[in-house]
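Have a look at the structure that comes next, please.
Order of writing sets the chain letters: A, B, C, D and E. Residues in each chain are counted from 1.
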Amino acid sequence: SEDSEGAGAAEVDDVINIVWYPNESGNDMKASRDEIGRVITEATGKEVEHQLTTDYAIAIETLINNNADLAFMGAQGYIEAKNGNDAVTPLVVPSGESGTLDDAIYYSWLAVNVDDQDNYKVDGEFSLDTIAGKNFSFVSNSSTSGFVVPSSSILAHFNEQEEYADLVQEDLMEGGPLFEQVLFGGSHQGSAVNLLNGNADVAAFCDTCVENYVDVAEGDVNTVGAVYKVKDDAAEPFNTVTGKEFTLMSVTPVLNAPFAANLDVLGQEDFDTLKALFTSDEVANNEKIFVPEDSGEPGLFFKSADERFVEAEDSWFDPIRELSK
Amino acid sequence: MEAGRTNDLPYIKRTKDGRINIKSGNKIDLVVKWTLIILSILTVMAFFFFNYIGLQWDRAIPETAHNLRVMFLEPALNHFSWGEAFYQVGITVGLGVLATVIGAVIALFLALMAAENLSRPWISKSIRAVVAVIRAVPTVLWVLIFAIAAGLGSEAAVLGMLFHSTAYLVKAFSEAFEEVDAGILEALRATGANWWHVVTHGVLPSTFTYILSWVFLRFEINFGVAVAMGAAAGAGGIGFELFMASGFYFDLREVGFITYAILIIAVVLEIISTQLKNRYFPASTNN
Amino acid sequence: MTLLQVKGLGKSYNSETQVLKNVDFEVNAGEFVSIIGPSGAGKSTLLRCINRMVEINEGKVIFDNADVGSLKKKELRKLRTNIGMVFQHYNLVPRLTVIENVLHGRFGYKTTMQGIMGRFTEEEKEHAFMLLKKLGIEDHAYKRCDQLSGGQQQRVGICRALIQEPKLVLCDEPIASLDPNSSKVIMDHLKSITTDMGITCLVNLHQVEVAQDYSDRIIGLRKGEIVFDGPSKLLHEDQINHIYGTELRELITV
Amino acid sequence: MNEKKMRKSRMQTVVFLLIIIIVTYLSAAITEFNFLDGLATIPKALGWMAGNLLITAETLERLPAIMEKLLETIFMSIAATTIAAILSIFLGLMGSKTTKVNNIFSIFARLIASISRNIPVVAWSLILLISFGQNSVTGFLALFVGTLGFLTRAFIESIDEASQDAVEALQATGATYFQIVNKAVIPQSLPQMLSWILFMIETNIRSATLVGILTGTGIGYTFDLYYKSLNYNAVALVTITIVIAVLIIDSISNRIRRVIL
Amino acid sequence: MTLLQVKGLGKSYNSETQVLKNVDFEVNAGEFVSIIGPSGAGKSTLLRCINRMVEINEGKVIFDNADVGSLKKKELRKLRTNIGMVFQHYNLVPRLTVIENVLHGRFGYKTTMQGIMGRFTEEEKEHAFMLLKKLGIEDHAYKRCDQLSGGQQQRVGICRALIQEPKLVLCDEPIASLDPNSSKVIMDHLKSITTDMGITCLVNLHQVEVAQDYSDRIIGLRKGEIVFDGPSKLLHEDQINHIYGTELRELITV
């Protein structure tokens, strides 16, 4: 899609369209979305329209084709959008606990059910060798932590073996070459549920997307071998698998998802206004946007320490770019 | 009885073993027979060809039964309100109406050009060919193309559905037009009427009821499509809630509720359209 | 006064068979002419050449001093308004009312827009009712045509032709689908069109006796050629046999 | 008085048109649809298609894999249709006025038809996907349910329309129910039924794309995968194979239909 | 010998109208009886009560010493094999061949399984051909029924009734859809069934003259009641008027 820059003349109008990935399109995130919309309207005087989607690709293409001003998208989605349209620029990235880019990361997991964990160990250690021929669940093939990161680490592992030397990323999308069957959960939650209800043997998903639903039962957070247990009062989709446990066989850090803007549509002026707005203390302290972690409320972003939005350059995403090459 | 004598009666056909044949063995029976045989073979083959990966019958069947029971016996709304549900159904119906009405209007004109008795052969042939191809392209693709190119929203959903609707109706309408008695057209032309006169006063009145029933049928189809496509195109509607409820929240009770809502609307639409058709149109003298 | 001249008319639908060959005749204003001939002789084709419902291949048709074959689209419409046509199967729009069907005869005088909107003047409507009354079907004016009997429908067809205020009416087997009673009514009406209104009539007929009874002049067609043309009285047994050939017997049992 | 009647029917037409216009306007309002905006995007969409939906030599390498999936889809549609047809014959016999055994079965058959037809295929796909997982059987079942409803309704009509007289005659000869069904009803309505079956196969291949996306099976899944990885060249190839398959099946069934009807 | 006894037969489809009221008559083996009466008089209903195609409400029908009203399902099948039936619209399976349609008459003698498999013995088939020959349509045996004319189809219908080897044949307006020629052929055949084969015939007819010509005895039905029952010769003008009431005139023009 290199040549889609020409797709329609972009014009700055007085509506700001924000595209949300399916993960963020649920009704329980509505309060957070609306609050973000409200502060944007306040700052720019423009109306905000939220566009909810049912898949990643549409969200990405919408930004590429000048049909949206902003999108909250994974790093991989951002990179694809940038490839498709140079006007796409990162606006801000939610930081880590430190309030800086340094720990603006979350984790991509490969998880297996606790009861089966021994099947995935060689000499008492988890080994990726064991996942060949299993049923595997990814999130979506445009997901950073749910496909790009785990698939590249899997490839890196298997390409060293002669049998799998020619394996490429596409081979992981379908059953046959490496896995018996490949499922896509459509969302991180969906991928996790695929694992817990037995449809998949191994699943890839990320930590933040499921943290509302699970508690650590054993071991340290985000370490290999940690066991997580689904809360007894977990909301859907986990309500059918409450009490089930999974353990992590691999943990990989992933860059946080940015708010990306299409400069052609948004306009430099609003871009600057929004950058100032998002990075302000006012937003960082807005409890509807950064929901206090102990409140138990659902939300898009959570605050346990100094979390806030911080600026990020395009080059910050280079590590992810390297992965999908 | 006198089998020896009846043997050589010219009007009795016999099989090789001397039994009397009672089948005529005509072309129609033959084609029907072979079509059925081939379909059966293909069906049996299909089950060998399927991939059964991850299928656990012993788990799947009781689970489906359980899920269906939860869905239909314990429907509930958890993530949105009644008012919201009503509004979303309205959107889906709206998408269906728009795609059907706009599609029907466009199709009407194209069908006039596609009907062999009202048009030139090359125009009619080319329209038919184009329409056949458009019809063969799955609606999903149209919707996705418009969602990508035109942006998320009802425009993408409606335009995407429009292609298939129009193509489908062009075929149906033009076949109806072609069935108009050639004599009627001839008589009108012989009075000095021009093409538009013939169409508006001869063709349309004669086919009005057919056109309407096709439009109603298409509307029913479009409503079903709008459930799926509204969500994909970002136009919302009850389909988005259905997608969220099932793919995201895995909330069967809500899926059940939404299914009921859709079912009720579909049945109501069906009743309305049959009533309308029966009550008004066979007897009316529209022009 | 000669209203219609057919000169050396030839017509074939495909290269194999010549349907009409070198047909020559003239019709004067006010004549009532019957055309007879076996099935496939080309009677219908001949009528259709006169108002150019089919294209003319050879020869000329001159109607009211206009060369029919060379008319442009607009002139052709004008020509057709001057020629009414009545069909074997009536060819009415069954779902419309009688009065609507009659008014269809006025389309030739309308612009496209007027026609589409169905705008007819009060005079036209009154004229239509007058014609319906004349043919004795005024009571059915608001009925749908498919609720009428064959004979009644044919009368609607005649009204549609007459409201065109034509100089010539072409009738293609107007009574072939009717029972004897209705046939008589229709033939009487057609005859009166010529005698009372002075409109020329050209009628295709299958029934030789009917042709003899009603028309001044008969044209006999056989395999696309005129084999008889003269006053009805002069049509005798042997001419009939010549026209119908050996087909006569079959024809009568039909 | 008659003049009035005619006016009334003209009024009815006007009212009818008004209703349609109002309903359309309301629909546009609730969905926030702007016809002119929509129209304006058509060139954009066509431009996008021309720019992106190109088949390159590289994508042709995927053809064998695509063909295999297409074949799976075709098989899925055929199997779903024929199996649904077998069941639909029984439901149709139960539901038809001429052959019904009793009213309860008849209502039951019609109810099944109505429910399975009116619950959108999206809903079925999602329900089945949950328990059957991502394999051909799920796609097969999702197609099967919708087809069952449609065919039952069509078969009820075919049976109703085709055989009343003959059924009566055979009853009078002392034939049993199954003899009547087998020797009068089925032979009489079979061609019509077959025509519906062929129609459904074609329809199912088309809707298998959607079902495939939803259930992760067949050509629809392939389509979805390529599309989600923004590989539009491959999407174009998939689409073209679907179009060709549908056109071929369409023309075969048209030919069969022309002979048997 | 009395083959059929109808005693006090009453029938109504719904509570409002009594279609048959207290109908009483007897038919002897070998009789040819016509039933006449205006439309809606209950002629068809009467025939259908005899082989219990409709349930009997009141009274009794006794056929061949069996009480038709009280038969069980199996016995009813047996009864029906003994009674052939011929319909106005022939009621053949149009897509099947003539010979297949004729053989359908044998189902009453088959088990369900035999019937479903379509197993017929060679004797049955030969019998079928013999009957076709008798009715003069043996040449069409392998044609599909919808390719035959009305008169030919009715002859197939008669063959189907005869192959049942019935004691009684019920004919519900067998010639109402036929032209006069075919009607004569059919009536001649029906008559010969009784005279040559000794099979009793009960025929519903609309045409009084036909009934008088062919039958020994006529039953006149009016509004569900028998108003005439006697030899054809005794049916005079005033009885006919009584049967048809004021409807006679309409009837004749139909």
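The rule is short, and it goes like this: contacts are C-beta pairs under 8 Å (C-beta built on N, C-alpha and C of every residue); 3 or more make two chains touch, one makes a residue touch a chain.
Only a predicted model underlies this, so the values are computations on that prediction, with no experimental measurement involved.
Chains making contact with subunit A as well as with subunit B: D.
Think of each touching pair as a link: the shortest run of links from subunit B to subunit E has 1 of them. The chain with its C-alpha centre at the largest distance from the centre of subunit E is A.
Across the two candidate interfaces, D-E and B-D, the one carrying more C-beta contacts is B-D.
The chain with its Cα centre farthest from the Cα centre of subunit C is A. With centres computed from Cα atoms alone, the innermost chain of the structure is B. Taking the mean of the C-alpha atoms as each chain's centre, subunit B and subunit D sit 6 Å apart.
Chain centres here are Cα averages; for subunit A and subunit E they lie 81 Å apart.
Centre-to-centre spacing of subunit A and subunit D amounts to 37 Å, using the average Cα coordinate of each chain. Averaged C-alpha coordinates give centres for subunit B and subunit C that are 45 Å from one another.
Residue positions of subunit D touching 2 or more other chains: 6, 44, 47-48, 133-135, 190-191, 227.
Residues of subunit A in contact with two or more other chains: 7-8, 55, 61, 65, 181, 183, 199. Touching of two or more other chains is recorded for residues 97 of subunit C. Subunit B makes touch with subunit E in their complex at residues 1, 3, 6, 9, 11-13, 19-24, 26, 28. Against subunit D, the residues of subunit B that register as touching in their complex are 27-28, 31-32, 35-36, 39-40, 42-43, 45-47, 49-56, 59-61, 63-64, 67-68, 71, 87, 90-91, 93-95, 97-98, 101-102, 132-133, 135-141, 144-146, 148-151, 153-159, 224, 227-228, 235, 237, 239, 242-243, 246-247, 250, 252, 255, 258-259, 262-263, 266-267, 270, 280, 284-287. Residue ranges of subunit E in contact with subunit B, taken from their complex: 95, 97, 99-100, 103, 118, 120, 122-123, 125-126, 129, 132-133, 138-139, 141-144.
The touching residues of subunit E, when paired with subunit D in their complex, are 51, 53, 76-81, 83-85, 87, 89-96, 100, 104-108, 110, 112, 115-116, 118, 157, 160-161, 164, 170.
Residues of subunit A touching subunit D in their complex: 1, 3-4, 6-8, 55-57, 60-61, 65, 80, 84, 140-142, 170, 173-174, 181, 183-184, 199.
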